[in-house]
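There are structures below to look over.
Two complexes follow with subunit A in common, the first pairing it with subunit B and the second with subunit C.
For the complex of A and B:
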């Protein structure tokens, strides 16, 4: 990824990450210490500092779990599950990640297609440009994530449940960056290029297929990266109100109900990894398309 | 009832036709008429959307649980102003504003602090970009556990959500000043601080305002979603999740209307300040004439 490709970035990033992990450990000791002091006091004993540090790393329900605890939990619910041959058991994070991922991808797909269609309409129709565009922008000042639970519950009430409601929230979130990026991209050909096509007496369709569409590709993929990341957020939030059945969002909610901080953090990290992989995949697609179009990737 | 549906559809087609005509009107050099048409077209489109919504919902007798007509939502807003105001106060005036100011302020200050260290910048910038793509909203349950049910935990979520966009944009903004301009300041013998306030801060303003605008919508989302994880019995997110449980969908829509209005007003206010501060920027100048 870009993290390692550019010269001289690796070391600074490593330094910052190391610093973050160090701060995290320190914070874990500091935040979990009161609990340990309490316990020691109740037992009528004093606690040595080294013992304190050791204890704060191994609590069942720490205020802030130490990084290695989170890593162990993630391994327990992913790798260990695979080793035991049950990668899709309900206690496996792979299963929950898959539930979230499928909603994300469906929503991302619908959102991208819808966004591209809207952008094509906006570019080719003056009335649509003037009337739809301001409302597309307004639609995003509505905190749609806040409506997500309502969409889920209402669609459930009329019998639509499962994947589609979550995917619709992802759709709503992801279509916006695609519309904005594609409108910009489809308009990116220069006046001279459009004039050239005009002198060839190219039809609108030909201009679209041979000029506008190819030149919009960089814009499209930049938007798709934003869209896929935001789709994942939509799917996770969409899982919150479904009664905590399955999915990373459900794991977050269940964790917060039962005070299972380690579970929350591991779900969070899996979500982060998922986001990173998705963005990276779009990036790979971007490079492949650019290479096929003969541009430097 | 189908008469209503047909009437609605005719209204839709008529308005569509009207808009198609309006955008083709040749206003020539008349700037006022041009501006009026530019405002009128989206306005007509919006009205059409609402009429379509109302007409279709009434004509097809869609259950109000599924989608209430706009008139019912309006009635609900009028009837429950005190509740809406209390929720607005709790969520927006306390959590959103506090979190927004602290998050953006912290992002700006950190960017300022690492300005002299290219090493830290190279390390923090990719990480900041990476974190911006993560579902940060997921920290909401953790924050609720740490800071309790009241608005402080929501403000904490907003702080984390707004911090990274602000940091990344400010660092990029500080790098926006031209080499030539910085050299000029150098020949004047300007100190780092003078270069910062007189050249680099103004040059960074468009980037900073970009982050402020992005954050204005993020902040509201963060605060409302964080309330789903636990809250005192007031707040917009609380109201939405409770009323949806009771199937009072019109009340949910009323909250959404308030949220949309607050979000748009917040965004608009930031955009207005941006226009006043960055009046010299090409994107603002060209919009004026």
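For the complex of A and C:
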């Protein structure tokens, strides 16, 4: 939103995008050329450069698909499906994106609440301060790829399947930045402000409600932005090891099984766009809270 | 004689630091009566702020006793016996001036109508009427500090503890605020404990000046002013004023020479 409207930002962004697309096209030609040379050799023919360039951009399973191939595939599986009145067909990326998004949002919600609750505990309880943080950090040193299948399998064994296991993998990733950010945020009031509340004989709850919580808002939203983006990563990772049939992760997996690089890339771009929209929404929420707190510039 | 508002007997406070203990206060004995305006002056490290913080129950003494209205500082704090003004205004940036002054009143659990009435009254006292709906960042530094004084006054405590409240302000603003503070003190008959670095400020405001010296922090001299209660700004050029200022300066110098 603000990304494009802020004055003087449009041209630099356009220049970078143009450069990336140009490099991408060049790379597509370079990476896909060996296939074309092979084919020409087998046919016993030589191939002209102009023909080569043209061929490298129309392959069915290119090593690196050209941007317009990806764009066409995305359109075919989103806009075109809507036009045909079947936006939630199993072949539609909108359907798969929604599956992933629902797990992302649920995981993000649980992760944020859990992260805030842990941070409140750490700030207010000495025992938690000493004991919880090392475990929080340890939890993030375990590769998510290793723990994701176990969560799915274990929850399946106790009869929980579908949305929740995937959401919990999102939670596993997203609670971390919220804990770290909120511990810092809840401790951000200055000494004098805390002293002031002490001279009022304010209760812990009053100090929390009137001082610590409002002080932590900038920290909260900064961590939420990180959390929502990695929630999406968590949901996608949660779809990979389970042979899920729906979701962006399933699309990525299916694409790689059958060498459908164009499908992989379009799922990738939809995921990136989804992440961008989610981060922007959190940013809009941040701006609204700032305005309510009288700090809109 | 009535009971003193603040009474300190052989008060000591030693901070244990990594290398060596720091004697912030050593054997400070002092009685402050109702309606006094007492300034604490001295170089950094003389314990003047520490003394104020002990009275406010923000630090715990390691020796001696101090009472506020005959109670321990902790009891006095729980009874909301004093208002405290810090060097920085420390207003909450997300609250308007009105809502900032309401913070202690909300903590006390006063009904909204009484909060409103008190806020209006104290804003009037510090001459900030009409600025209540503004946010702190919309006000100058001097106005912010006045708002923080209003916040301390809203408590309606008889004792006002002020820790270099005008230290960060420029000379001209400071003069105005000194005059206003004096008028306020006369109007409300509060007891004020006032920490400052400035000799003219101390002499201009106080009924008594406590000169302190550092390492260990102790009382070097207590000066009773001979100035009248009515003090226009140009009293600072009178021989009387200069005589007291001279004695304060001598005290500060001697305190340093002791080391």
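The rule is simple: the second predicted complex is superposed on the first by the 284 of 297 C-alpha atoms of A that agree within 3 Å, B and C clash if a C-alpha of one lies under 4 Å from a C-alpha of the other, contacts with A are read in each partner's own complex, and residues count from 1 in each chain.
What we mean here is this: contacts are C-beta pairs under 8 Å (C-beta built on N, C-alpha and C of every residue); 3 or more make two chains touch, one makes a residue touch a chain.
Computed from a prediction, not measured in an experiment: that's the story for all the values here.
Novice: Record, for the superposition on subunit A, whether partners subunit B and subunit C clash or fit.
Specialist: Here the two partners, once superposed via subunit A, fit next to each other without clashing.
Novice: Which partner does A:240 contact after superposing on A: first (subunit B), second (subunit C), both, neither?
Specialist: Touch status of A:240: first partner only.
Novice: In the superposed arrangement, which partner chain does A:275 touch: subunit B (first), subunit C (second), both, or neither?
Specialist: In the superposed model, A:275 contacts subunit B only, not subunit C.
Novice: Applying the touch criterion given at the start, work out whether A:145 contacts subunit B, subunit C, both or neither, answering first, second, both or neither.
Specialist: Only subunit B is touched by A:145; subunit C is not.
Novice: In the superposed arrangement, which partner chain does A:190 touch: subunit B (first), subunit C (second), both, or neither?
Specialist: Once the two structures are laid over each other on A, A:190 reaches subunit C alone.
Novice: Pick one for A:9: touches subunit B only (first), subunit C only (second), both, or neither.
Specialist: In the superposition, A:9 touches subunit B alone.
Novice: When the two structures are overlaid on chain A, which partner does A:198 contact: first (subunit B), second (subunit C), both, or neither?
Specialist: second
Novice: Looking at the overlay, does A:293 come into contact with subunit B only (first), subunit C only (second), both, or neither?
Specialist: The answer is second: A:293 touches subunit C but not subunit B.
Novice: In degrees, to the nearest 10, note the angle that opens at the C-alpha centre of subunit A toward the centres of subunit B and subunit C.
Specialist: In the superposed model, the angle at subunit A is 70 degrees.
Novice: Look at the residues of subunit A and decide whether subunit B or subunit C touches more of them.
Specialist: B
Novice: Using the superposition on chain A described above, determine whether A:210 touches subunit B (first), subunit C (second), both, or neither.
Specialist: Touch partner of A:210: subunit C, not subunit B.
Novice: Compute the least Cα distance separating subunit B from subunit C in the superposition and give it as a whole number of Å.
Specialist: Result, nearest C-alpha distance in the overlay: 6 Å.
Novice: From the superposed pair, tell me which subunit A residues show up as contacts to subunit B and also as contacts to subunit C.
Specialist: none
Novice: Per the contact definition, I'd like the list of subunit A residues that touch subunit C in the complex.
Specialist: Touch list, subunit A to subunit C: 190, 192-193, 195-202, 206, 210-211, 214, 217, 293-295.
Novice: In the complex, go through subunit C and note every residue touching subunit A.
Specialist: Per the touch definition, subunit C meets subunit A at residues 56-58, 77-78, 80, 82-84, 86-88, 90, 92-96, 103-104, 106-108, 135.
Novice: Using the touch rule from the top, collect the residues of subunit B that touch subunit A in their complex.
Specialist: Where subunit B meets subunit A, its residues are 16, 19-20, 22-24, 38, 41-42, 44-46, 49, 63, 65-67, 119-124, 126-127, 130, 133-135, 137-142, 144-146, 217, 220-221, 224-225, 228-230, 236-237, 240-241, 244-245, 247, 249, 252, 255-256, 259-260, 263-264, 267.
Novice: Show me the residue ranges of subunit A that touch subunit B in the complex, using the header's touch definition.
Specialist: It is residues 2-3, 8-9, 11-17, 63, 126-127, 129-135, 138, 140-147, 149-150, 153-154, 157-158, 225-226, 229, 232-233, 236-237, 240-241, 248-249, 252-253, 255-256, 259, 261, 264-265, 267-268, 271-272, 275-276, 279 of subunit A that touch subunit B.
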